[in-house]
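Submitted below is the structure of interest, expressed as structure tokens.
A, B, C, D, E, F, G and H are the chain letters, set down in written order, and residue numbers restart from 1 in every chain.
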Amino acid sequence: MKTWNIYLSGEIHTDWRDEIKAGASGLPVAFSAPVTDHDASDDCGVVIMGAESDKFWHDHKGAKLNAIRTRTLIEEADIVVVRFGEKYKQWNAAFDAGMAAALGKALIIVHGADHQHALKEVDAAALAVCSEPSQVAQILTYVIEGQLPTATRAAAE
Amino acid sequence: MKTWNIYLSGEIHTDWRDEIKAGASGLPVAFSAPVTDHDASDDCGVVIMGAESDKFWHDHKGAKLNAIRTRTLIEEADIVVVRFGEKYKQWNAAFDAGMAAALGKALIIVHGADHQHALKEVDAAALAVCSEPSQVAQILTYVIEGQLPTATRAAAE
Amino acid sequence: MKTWNIYLSGEIHTDWRDEIKAGASGLPVAFSAPVTDHDASDDCGVVIMGAESDKFWHDHKGAKLNAIRTRTLIEEADIVVVRFGEKYKQWNAAFDAGMAAALGKALIIVHGADHQHALKEVDAAALAVCSEPSQVAQILTYVIEGQLPTATRAAAE
Amino acid sequence: MKTWNIYLSGEIHTDWRDEIKAGASGLPVAFSAPVTDHDASDDCGVVIMGAESDKFWHDHKGAKLNAIRTRTLIEEADIVVVRFGEKYKQWNAAFDAGMAAALGKALIIVHGADHQHALKEVDAAALAVCSEPSQVAQILTYVIEGQLPTATRAAAE
Amino acid sequence: MKTWNIYLSGEIHTDWRDEIKAGASGLPVAFSAPVTDHDASDDCGVVIMGAESDKFWHDHKGAKLNAIRTRTLIEEADIVVVRFGEKYKQWNAAFDAGMAAALGKALIIVHGADHQHALKEVDAAALAVCSEPSQVAQILTYVIEGQLPTATRAAAE
Amino acid sequence: MKTWNIYLSGEIHTDWRDEIKAGASGLPVAFSAPVTDHDASDDCGVVIMGAESDKFWHDHKGAKLNAIRTRTLIEEADIVVVRFGEKYKQWNAAFDAGMAAALGKALIIVHGADHQHALKEVDAAALAVCSEPSQVAQILTYVIEGQLPTATRAAAE
Amino acid sequence: MKTWNIYLSGEIHTDWRDEIKAGASGLPVAFSAPVTDHDASDDCGVVIMGAESDKFWHDHKGAKLNAIRTRTLIEEADIVVVRFGEKYKQWNAAFDAGMAAALGKALIIVHGADHQHALKEVDAAALAVCSEPSQVAQILTYVIEGQLPTATRAAAE
Amino acid sequence: MKTWNIYLSGEIHTDWRDEIKAGASGLPVAFSAPVTDHDASDDCGVVIMGAESDKFWHDHKGAKLNAIRTRTLIEEADIVVVRFGEKYKQWNAAFDAGMAAALGKALIIVHGADHQHALKEVDAAALAVCSEPSQVAQILTYVIEGQLPTATRAAAE
């Protein structure tokens, strides 16, 4: 049976990835994600390859090291989920979404109502747009098993 | 040993998929298909992501959710089988056939004699055209194991 | 300046292609389309390569000859417009849409309200869905020149 | 002689595109860009294809129409320049950068020092990062003609 | 208007290419072909890059030089026509057909009835199979202009 | 550990495939091949999908059915070995070689000295050309394990 | 869990590959490399396929045989590590780096300070540049597990 | 008529490019090359985008800027010619050859006898290997026009 590869991109300051994993327990899925330890992610380049006096190159070395992981895993994913949180610029999340779209990946975008207008181009490239991690778990359950959440479904009819 | 991925697209109101699976029992194959629960397939989008007052968007949300499944599985398939039944427009079946053709998949089309002229462009892109699910099982047996159905073969000689 | 290649697929019994061409006059576009002479399209194979006693092969030879034209032009198109008319099965139109989608072409679907539900999977792969050829001309004008139809726009504000 | 296709993505509220074009006058280049009329860009979908009561679908229709233009032109570009301005979320700019990176385009990012850390992943995918449109013109002049700006060069030696 | 690139592969001892060109005069086509001077084709490698004592390497150097031309032109073709003549092994013709098929080119095969069974796998990959160069000219005329040969057509009705 | 997929194309009337398999026993390889039962291969189409009065279509149906197997396996192969025997036209072998070359597969050609000149274009696309199946086994052993045949090697020094 | 494929290209006269493997023990990785037995690598072609009097063809046969291994493994790699040692021209190392870059592989370059200027174009295509095999092991540990070397990290803070 | 795009990579300290251009005068070719002004090529990055105190980043900025030109032109080339001169490491030349090979370009390598063994892997990926620029001009003349140099040819017979 096929194992679905799901890449979880975006916000790293809340536990949304754990929510999805819990909701998807039992499904034949393999989740992957960027390194979510913020400090390690920022400093990995200089820690391993030597300090830089210029902040630009400090960041550059780290960002490229992280790209080894993120690009490889995005290319291998069947589905790329990108969550935009409440704070920060999150341009890397939008960048990942652009890569996923160009690679023809199935794209699921998660964000709150506040970001709707600003994310319209990103949403337009997605096959699903929702606001809660629990909905992502429901989407995976439906897409992979063909099962809809019974309670919700009854309510919707 | 290679497992052949076979995607079974098209008609969802008869048990043709089961016929093929029964006839192909013992072969190293993994079958996949769209969600064949008609109601779930129609309503999945709004059930998970919220109701829509406009039928177009109700359908749109569902169709995109289903596309996460169907496009992923078609891209992964070695062989795409598309069956056109007696009823309905079945444009999604022809659409799947077009995708499979553009992706270079081996395409098997199944339909009755009535549809022959109307399906000529679709048939022209296929590597096999037949009318019965049992023939699909025979094709898979031959393609994968090199074995022809003995009874039928004797009769044909 | 870039010339945009626009392939006009689908219905061949009305003059919708002429309407679009008229509405797009002055734009840097090159339109292409299948052979729209129904009889020629049906018989081209046997006329050139010899008669067939079996209707299936009669159609097969013709459909493949037409595919030389249609696949080449679809692959070269920037935008593929597919119109579904009121009549006939039009599976070749849906097949073309599937090819265009798999090839990553920008897809515009044109159909009346009656076909909305049956075409939902095709519509879900499109970047625009409309009902009138004049809207296609407006879309091309906007996409290429950035100009919206002034009358309509005023009315919408 | 080759004409270089340059796509200018991002900020639409300053005249940075004109600065680049002026600085690159005489080069064999063809510039392209998204529609930079903000209102037209926001409303194009509903103006042409009919009003929507829900803001999400209003934006969705427009964003997809704009995608016909932007994706086609990005795919055709040799070089994609993305400028991040001082204001707004600009997720569409980061999304374009991600698409360009995945498509293997040469990427030039333009932004002020304030955005350096937040754009580190985007910068890491670029072949050049600078802060002024005049530098983009100098880059194009060097890349295409092999000529460096003489005044600046003397100063740097 | 699109210029169709037509590559004429195969037999080099008859004037079939000229027949097609004559029959296609007036069409927007650009024909290309391998070097058809048999001696030059055999000896080009050693003439330019130095003699070889071993026939294998003599041929190898020449075959690779010819491949610079043939592979480039096949990749650029819209339509690849391969003619199998009455004599010789013609494995290079079948090899070209295989390349064209794998590259997704529209393939037209020309051969006499004698070769029908031996060429069945090659024919199965083609969009048209015929026996006369004049038929190729008719196919090109139909595919590009939509015009069928009137005399023949009348006879066929 | 990687399993190498090796497709063995060409001659079906001698036991060369068994020789290679015996010589490669113990290597992490998975061999695949066309159906080598000549009669089954010729008749498979009509046996399963119905008789044809015209030999062309009889062969056509069979050749396409075989293509489902051969194209799928060639696309999945790491290495494609093509053997040209002493007899027959063997155009399908050259066709397979052309497909493999266009797909970027590592190509090994096996043939006797008689065919050297006629196969020069095919050989020119190969990474190895030899005359005996035992050499193919030695090539696989070297390529995968880095081991050269000791006896032969001593003799060559 | 994903197994990362790591190809180790370049220098074959020191034990740098073993250093990386030791440092990466416990990670879900599969390492591959060219044949590192220098004599076997030089002579493989003639040992298996027959002696050549001309050194060019002696080397040519061997280089192509090695290419069966190296190209297949590079295409399958997630990460390509290329080490430039102190001696020799090492053009094959730079060639492998060029292939890896064109194929979109994540590229890690290892070399001493002496080679910095001469390798600037190669380094510019890499996602990481370092000088010690132990750093490659640290990079792999970080990329795959998200763990930085604690001792080094403390020192860097 | 097709214009052939020829990229001339490698050595920048002799006038070999001019020799080829002179020998190819009259052919439908468009030559391209890296920036051959050594100083400009080294300093372009810092001249335009600001000085760097660290030589690595000085070179890095320049190498990436040059990559905008070289990668774009290599991708557009039909034929890539790479010349290895007598001096320097020339790893960028080997890197370009690797990129060209992976992109499926027709590759011509030019070098003296001294480099034969060290370049064997690069030569093995080429369709022609020669030592003089005049031979490249002869190759282009043959490949494009089918004409062999008459004097040389007479001598070789």
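Here, a contact is a pair of C-beta atoms (placed from the backbone, for glycine too) under 8 Å apart; a residue touches a chain by one contact, two chains touch by 3 or more.
Because the structure is predicted, anything quoted here is derived from the model rather than measured.
Peer 1: What chain lies farthest away from chain C once each centre is taken as the mean of the Cα atoms?
Peer 2: G
Peer 1: So which of A-D, G-H or C-E is the twin of A-B, meaning more than half of its contact pairs are the same residue numbers?
Peer 2: Among A-D, G-H or C-E, the interface that shares over half of its contact pairs with A-B is C-E.
Peer 1: Would you mind telling me which chain pair, G-H or C-D, is linked by more contacting C-beta pairs?
Peer 2: Between the chain pairs G-H and C-D, G-H carries more contacts.
Peer 1: Measure off the straight-line distance from the CA centroid of chain E to the CA centroid of chain H, and report it in whole Å.
Peer 2: 31
Peer 1: With centres defined as the mean C-alpha position, give me the chain B-chain E separation in Å.
Peer 2: That gives a centre separation of 36 Å.
Peer 1: Between chain B and chain C, what is the gap in Å from one C-alpha centre to the other?
Peer 2: Computed value for the inter-centroid distance: 25 Å.
Peer 1: Using the touch rule from the top of the page, what residues of chain B touch 2 or more other chains?
Peer 2: 64, 67, 129
Peer 1: What residues of chain A sit close enough to touch chain D in their complex?
Peer 2: For chain A paired with chain D, touching residues are 55-56, 59-60, 62-64, 66-67, 84, 88-103, 115-125, 129.
Peer 1: Tell me, which parts of chain C touch chain E in their complex?
Peer 2: Contacts found on chain C: 30, 32, 35-37, 40, 43-49, 51, 61, 64-65, 67-69, 71-73, 76.
Peer 1: Which of the residues in chain E end up touching chain C in this complex?
Peer 2: 1-2, 4, 78-79, 106, 108, 127-130, 135, 138-139, 142-144, 146-149, 152-153, 156-157
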